[in-house]
Amino acid sequence: MPPLPLQTLRIEGLHKSFGANEVLRGIDLEVASHEVICLIGASGSGKSTLLRCVNLLERVDAGAIYLDGQEITAPGVDDNLVRRHIGIVFQSFNLFPHMTVERNITLAPVKVLGLSQAEAAEQARVLLERFGLAEKRADYPDRLSGGQQQRVAIVRALAMRPRLMLFDEVTSALDPELVAEVLEVISELAEGGMTMLIATHEMGFARDIAGRVCFLADGQIVEQGPPARLFSQPSDERTQRFLRRIVDAGRL
Amino acid sequence: MEAQGIPEPLNLYARRSRLLSSGRRGAALSTASTVVVIALIAAVFLLAPGSRQVRHTFFNPTDMWRAFVGDPKAGYYSVGEALWLNIRMFVVAEILILALALVVAVVRQSTGPVLLPLRVVATVYVDVARGVPLILLIFAIGFGAPALQLTVLSTQSAAVYGVIALVLSYSAYVSEVYRAGINSVHRSQVSAARSLGLSGWASMRFVILPQAVRNIIPPLLNDFISLQKDTALVGVLGSIEANKAAELFSDTTFNYSSYAVAAILFLILTIPLARFTDHLIARDRARRLAVAGP
Amino acid sequence: MRQITVAAVAAITALTASVGLAACSSISSSSSAGGSGSGATASSSASSGSSAASCSNASIQKNLYAKGTLTVATDKPAYPPWFENNAPSNGQGYESAVAYAVASQLGFSRSQVKWAYEPFNDSYAPGPKKFDFDINEVSYSAQRAQVVSFSDSYYDVQQSLVALKSSPIVSKHSPSDLKGYVFGDQVGTTSLAFINSQIQPTHTPKVFETLNDVKQALQTKQIAALVTDTPTAQYISSSEIPGSVMVAQFPSTGEHYGLLFAKGNPLVGCVNQALATLKSNGTLAKLTTQWLKIYTSVPTIKP
């Protein structure tokens, strides 16, 4: 039996267009097991699109994506099976408003993984307790604050026990004082060894948590490297311009 | 900031709103004007020269009671009892309509090449069923099926044929209501559901449809109430339903009060149903939506 | 501003109260005004001066719907043998012929008779009529006579059964056998009352909007037999539905057809005179033989 790959995710030559607009123009990226990668870049640079391609919500036009060494963009692959192993959290939480918090979390484990209702509920309870949301179990999402909803969304994704977690600007829609609680959750996941790909505007957070930061511009990864180096000595001119604007806005 | 002294005072109070927005005076005036309008309409009705005859012919209590009770040997049946046929027809029809319309809507919303023939069939069905008047459909099925002289198909009661026609006609309309509901659920809900590994059908069933249906309950109720009235059309196939019973009374006695009885009975069916549905919607919203977030 | 508002509310309240009082008083005072839209007094048909002179063409003009014209109404389609080719003005068919015979007695020429369309359900509606009389196989009943006025009989009615030759009712129609069949008839006719009171079937009869629907139901075997008056039954079984037969007719229950008038129309008296003349001089009998072809060998069965 071949040795387990050290790369959880490998993206090769990814192209994606929407109509006449080519958003991703050849992305190459490798994410090692337990690694945390942060994607930064201006709005419209393709961060969201890249994440949605990784979990096959968007069809790629060219290129390939490998999860743990197996190509998930190969023809004949069942998207539903792939998505069991990749969790994604969205900017607008996207909790199911007609279900309680607990049902939001247990729905997929029961219907997709075949867990019993009791097993799934127990797993949900443990996760909610871990992230301080135990007493919200029976509430409906609309009764929660933004930060609480986003943490529930993370728990919902974790309940599927994914190998890879994707975060798409998960704090951008939150009030500033609620951002910290969500970032705390993500830090804890990183400490626990979860492989993560995070698109974010929170530069301070990226600097603290990322093993590697990738800067996207014009549909390509212009520059990547450890946060300490990239933030203090960016080599590409576009990276410098972007970081200068961030600093001027007081966000770094 | 103004460079030259104090800015001009703003005119913030429109003339009209003072009258209507100030609590008690506004309420008194609107109540008085409503009473006046109703009184004028009642006055026109009561003061018209033919008023007494109209009231006797259309709203005579004695005849209304006789129509309600019925007298088969005299040539007319009880409108109340006949209503039971309408009720059975629309209850059965509504259940079938909600099911068939859902199937049609989900098929039409599907993507992917495998279901293309079904999608075409569904679209043609909706176009034709909405285009053909219901009365023609009832005639076609109610007289056509027996004419074919097949064993099971041709020997059903008129009410069965009527229900079939009602289901075929109404499912087309209701499927469009479902589609509107499905489209009203934001795409991000689909993304979230699919991202968890739920299949297209599972997403539809557990995430999209429950939200879609909650959004479209008022128009669904509209169509249901309309269906209740349309069961009257099945009378053309010979069954004694409420409106046919009313007609038999009026043709026998030359008095139309039986129609008032039928109308009142239908209102007794529909108004509580509408209020109950409002209550269900309000209760569901109160349960789900935040009063005030922390 | 405040004073204007108070004054306005007071004026509106006063207006409403006065309207309400007026309405209440008019209800009690209108009880004697009677129900006839034409304004005539509600007297019985025989009392309006039945001397020949008052029924001359000139003296009845004031009671006509349209001066100089006798307006006769009937329904569409107009069925044989009462009318032919759905054209009442061609004088063919029993009712068309009777209408022209009555018109001639009243001094109208053929061209002075105009036909109007009146659906049966509208013919007894309150308010003024758009015709002088309506001829549409309408049976007299005391209940109906409270709302409209009827002439004397122009045809005495018996009910008959029509069935497909293949139906068991053709041979089995004893009173107890009859109870088990599903019968069909048309709204507005007295057939339903006859079925329920005389035959008393166990299955509810089917009642259709038009005679055509009843015939269709018979042909597709949704009903075992249809019940209608004898002339219509004869016509259906001999000319319209192939493979059908008139099983039998039922004994008379005293039913008769009358011409339908607005309640209290004084024209009724003159029309009754005309009908009496047509009966005594044999015209009605001749028309009956000519158009209704009653065969005396039609069996009569007990319901």
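Note that the chains take the letters A, B and C in the order they are written out, and that residue 1 is the start of every chain.
Operating definition for what follows: contacts are C-beta pairs under 8 Å (C-beta built on N, C-alpha and C of every residue); 3 or more make two chains touch, one makes a residue touch a chain.
It should be emphasised that the depicted structure is a prediction, and the values quoted were computed from it without experimental measurement.
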item: Central chain (distance from its CA mean to the mean of all protein CA atoms); value: B
item: Which two chains share the largest set of C-beta contact pairs; value: B-C
item: Inter-centroid spacing, chain B versus chain A (mean Cα positions, whole Å); value: 46
item: CA centroid of chain B to CA centroid of chain C, Å; value: 37
item: Whole-Å gap between the CA centroids of chain A and chain C; value: 83
item: Chain B-touching residues of chain C, taken from the complex the two chains share; value: 5, 8-9, 12-13, 15-16, 19-20, 22-23, 26-27, 30-31, 33, 35, 37, 120-121, 124-127, 141, 143-144, 146-148, 184, 187-188, 190, 192-193, 196-197, 204, 206-209, 213, 216-217, 219-223
item: Chain B contact footprint on chain A (complex, rising order); value: 52, 55, 57, 79-81, 83-84, 86-88, 90, 92, 94-98, 107-108, 111-113, 140, 142-145, 156-157, 160
item: Contact footprint of chain A on chain B as seen in their complex; value: 188-189, 191-199, 202, 206-207, 210-211, 214, 287-290, 293-294
item: Contacting residues of chain B [partner chain C, same complex]; value: 19, 25, 28-29, 32-33, 35-36, 39-40, 42-43, 46-47, 49-54, 56-57, 72-77, 143, 146-147, 149, 154, 158, 235-240, 244, 247-248, 250-256
